[in-house]
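Read from first to last, the chains carry the letters A, B, C and D; within each, the first residue is number 1.
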């Protein structure tokens, strides 16, 4: 566990300050009304904090900070159950830009700096697949431009975004295109996530784009997508970590104050023991996340780093859900009411646990990467 | 209107056959095998059809307007409903109020309310829980002040199912007296149209508004609406809790959840995997063993051996089993989990998140699983009280 | 649930009387010394009660009672953690004799009536296989007799027995042979079971037997083995049921009397809740066993009966272990000492849960039989 | 004899290299990666070798005869032991008695006992638990009566590990006084050769006799053997419980159990099945996350941030994890389960039943899991006391 640097402490404090004043809990009630809870105004205001461009290199107008700084922020977002897609629409595009960016990326880097436009990334080729290499979505040259066909799954904020970064196979290699929302041949089926966000299936049917839509081409695209995916998993683990921690604190506070049968319910042994198990899971989650953060920064993209990230995402996904579930149960009837905040933590955790793979998938991944390491050795 | 034929005179097979064909002819097939209880107008339509054709109230004595069937015949009645996948209607009138009136009500109360219950002219809801009296029901504080021949009610009830759809509430109020908190409670019947009553639906994690808060501000009801003695309401009310537990023992909701589990596994292409099979094997055995126990407890009840603890154990086991199944379903959905909607484009034809949320309260309402275990430890296992 | 008949009540009472006076708990301490706890004297005394021949038809000198009566007895044996192989060396041979028996079975029926000799049955062809059809163990005609080759697994009391009933394939059909202990070519590797009994691997290498060793031949042998196996599973489930019940009662009694921190430990909520869960499992086990008993008597050998038996054995296996495990934990340190009886219930349950297949195997079986029923329909 | 070289003067890498090669040269390879602690003569031989070559007691101050290594260096010391799979020796003398003497002992006690501990001339055992004072340790009743300059001890201790192999016991006795049960307890050092002491081994579920009962009948020891003040023994004894918890945090025993799990899966032909893989995936992540937490807590300790609660959580988690792994192993064995022996003819090269039984006490001794949770709820989660 490395000691926190100054920037981390600063970021944590300013995130806490900002979110406690700017973020309105009531907005989340939209979740219970079956409405998208994303807020463009809020998105722009976090851009003004510089948070969307945190991971963008300084040469591209960003802050050039490390993944652990995004982790601090993700944790803070989790603590407030913020639905806005910090990971999907800021971290991922920023990492891609950092690795692939040049002049043509201005539209993206600009969006990250001022938050005026939202960029979603469509890279998953199957609902449960986390491979970054595009295989089934294909781009062909047509006229001076390209025509794209295929399907992209799990596109967070796909319908909310102004433009999509889409990975596709071009001339047998990976390529990355920028498509504005509403492009012909782009069909978006969007569903409400339980966290108040959205997730979409993006279909490309003879989607024609001009030559300049191609932002990058070659194996470097897959490499960048892999790094972005890895960081996104880790940041999501930290978001879950924050979510679990805050939901748990809320629950413990309720247990310390709520009286039934003439006693504080937190003095009942059975609830205490359930709480201790959640406490232990949280300690393990924090430890797994810290270990992953250390390895991800020390040797990004290595099997070692990817294993640590898988362990962290697996543990964080399960802990997020358990903490939310326990919280609702420990709150009793009021926990089932939308007016209590605890339900938001359960709902948020369900979505974030699913995003980029949950417990079983990442535990399997953890083993498969070990097998791979052994083969390589 | 009761039909003139006496259902008791038929033999078991004849009774079963006739009831079965009546169900098939009268129950809307699109409402078969539902996940939730039948409520509102749908419930009333179905119950009124039963009433019209002389099938309503199998267990109620004939003199009270029911079929007066003996318990084995009642089991046949229920078996056929279950076989066809008929939804259980929300029917507090028949299931809760009628038995109480028969046991504790006055002649006048029975004559007035029972026919209205059978004909679904009154729709009843329950006023038990309060913001600070949930699992600890006897901690209730809503007050009933006696003024002349009236009771003046002030306070608040909460978690009342579909108060918005009801016109009558049976409730517990504190009229005072006694030293134990179970004393000084009175059971009273209150028309919801009485001035001073305000109903506010509560939005839940499942996005619904079936549960309500009901506020009472100087609500005046005649003392004639009190059931049993003033101050003896806890005895009356507790008897109802006993009735209520019966309804949780049946594993139909769980069978539905099992179907969703299977459908999800199929949608994810996992129906043939060991992971799904092993999970499903466990749940199916859980469900079937629970059904075997339920059946045996029911049959024992026919022989007069009612084991309250067995029902409590079933309720507890089934509630947690249901949650485990639903949680596994969400887990199987993998990256498609946490979507607050159906997602046919991903093969998900059920709203898993709704199912997840709607099954949260089964371990909370009617006594949390923790409270149930406390009670069972003492009553069934004879362990010393905490 | 059928009401108990007079014989059941009588059997239950006499088993309770007999076992409480005749069965010495101390004998079980052998378990901790790593010694076989079987007792020939005890075996003869239960034979004198008529219990070994309970399921033997009256025409063969037995009592001609039903499987439910054996169930009563098995439950009582479980309650006392009796290690003697009632199911393996009495029920199974009796059912085989009932279906296949004639003059040549006198040696076996005699043994069941007076308990003077012990008959073990070697029928399993692989460590985890429950198919009754012999396939790998083969008998060939040689001279006037037969020569047997193969391996038999899971032979309870294989080394304690005076003779073995061995199933083998002869002329493409199932056959059953009787081999005296110590026959040439018969090699027995015996292991101590955690219940104080033994279980053996029996190897047949050119084991020569005379013509009269062949007791039965043809598909009827497999059918009889199947019925015997089914009844044995059910009786074992009941034995586990009794074991779990008695171990649990012992534990509850300890919880009611043991004081720590100035309170009876049974008043601590966390132990109470764990106990309630065991109580629920016991209720489910009893229900599953009763349902299986009803179906096994109503339609023995049908898929319906076999499914019910699988459910019962699955549940009873898991409950037996859980009850024993909880019992040891709830007893605290003394539960880890051999002088406390509770450990015997855990150890007994571990062996009986394994015998004829435990939870996972029988739950799988439950599904596979349903699939089979569907195919047949 | 301490070697003359100063281990503190070396740099980290040099220290590590030298220690590593010393271990390889001196630790018997057939004793690598054991499941149990090293005890008896084997332990003494190993510890004496360390002592002989100046490697004994890494954390003990130099003036007390130890290496006086700073904490980071101690971690390297332990890492190398773990890497080679060296068994942890049962060493109450160094691990329990020495720190207590340094903190609470008299000059004379330190001068007498410390050298004897380092040279393994004394072998120590613990006298804490009693038949009616297990999880509730402060309920102990063994009495210490002061007569002149002696303490006369009567009563019984239980669950003393290898009292049969020890010559000294550190124990708690009730000397009386005070109102709370934690008061009036005295910590005293007792030679087991003192007349009136009788030791009886207790046979356990694992078939072993390592744990003992020790009976005291008018056992006279000088008051000079009391550590700290008369009546202040609870403070002294509790400090030791703190030390003891440290040893449970490390997951080495669990890694061994994982190996047995894998070996069993292979023997049963299940190593490639989803059932085994999913189970193993879960356990491996549990073990590795627990190890990550352990490592971070140790590193934080280096910076002076000792979190007692983190160690308690690790102990609790690891104990129950170990049991889950062993229970799954027995489950995987299927019909080969419940054999109280190895069974190479079935491919089982480990005695699963022994492993199952030997892992029962991890959730019992040193405070049951239930008691641990009670403490954590209050201390780590700040919930109100039960």
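One rule holds in what follows: a contact is a pair of C-beta atoms (placed from the backbone, for glycine too) under 8 Å apart; a residue touches a chain by one contact, two chains touch by 3 or more.
This is a predicted model, so every value here is computed, not measured.
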Far-end chain from chain B, centres as C-alpha averages: D
Pair of chains joined by more contacts [C-beta pairs], C-D or B-C: C-D
Distance between chain centroids, defined by C-alpha means - chain B, chain C (Å): 43
Between chain B and chain A, distance of the C-alpha-averaged centres to the nearest whole Å: 41
Centre-to-centre distance between chain D and chain B (centres being mean Cα positions), rounded to whole Å: 54
Multi-partner residues of chain A (at least 2 other chains): 268-270, 272-273, 360
Of all residues in chain B, the ones touching two or more other chains: 275, 278, 370, 373-374, 386
Touch list for chain D against partner chain B, complex: 273-275, 278
Interface residues, chain D side, partner chain C - complex: 129, 131-132, 134-136, 139, 158-159, 202-205, 207, 211, 268, 275, 327, 330-331, 333-341, 343, 345-346, 353, 356-357, 360-361, 363-365, 368-370, 373-374, 386
Parts of chain C lying in touch with chain D, wherever the complex brings them together: 29, 31-34, 127-128, 153-154, 189, 191-195, 199, 201, 259-262, 268-271, 321, 325, 328-329, 332-339, 343, 346-347, 350-361
Chain A - residues contacting chain D, complex: 1, 252, 255-256, 264, 266-269, 272-273, 275-277, 279-280, 283-288, 290-291, 311, 314-315, 360, 363-364, 366-367
Chain A-touching residues of chain D, taken from the complex the two chains share: 277-278, 280-282, 284-286, 288-290, 292-293, 295-296, 299-300, 310, 313, 316-317, 370, 373-374, 376-377, 380-386
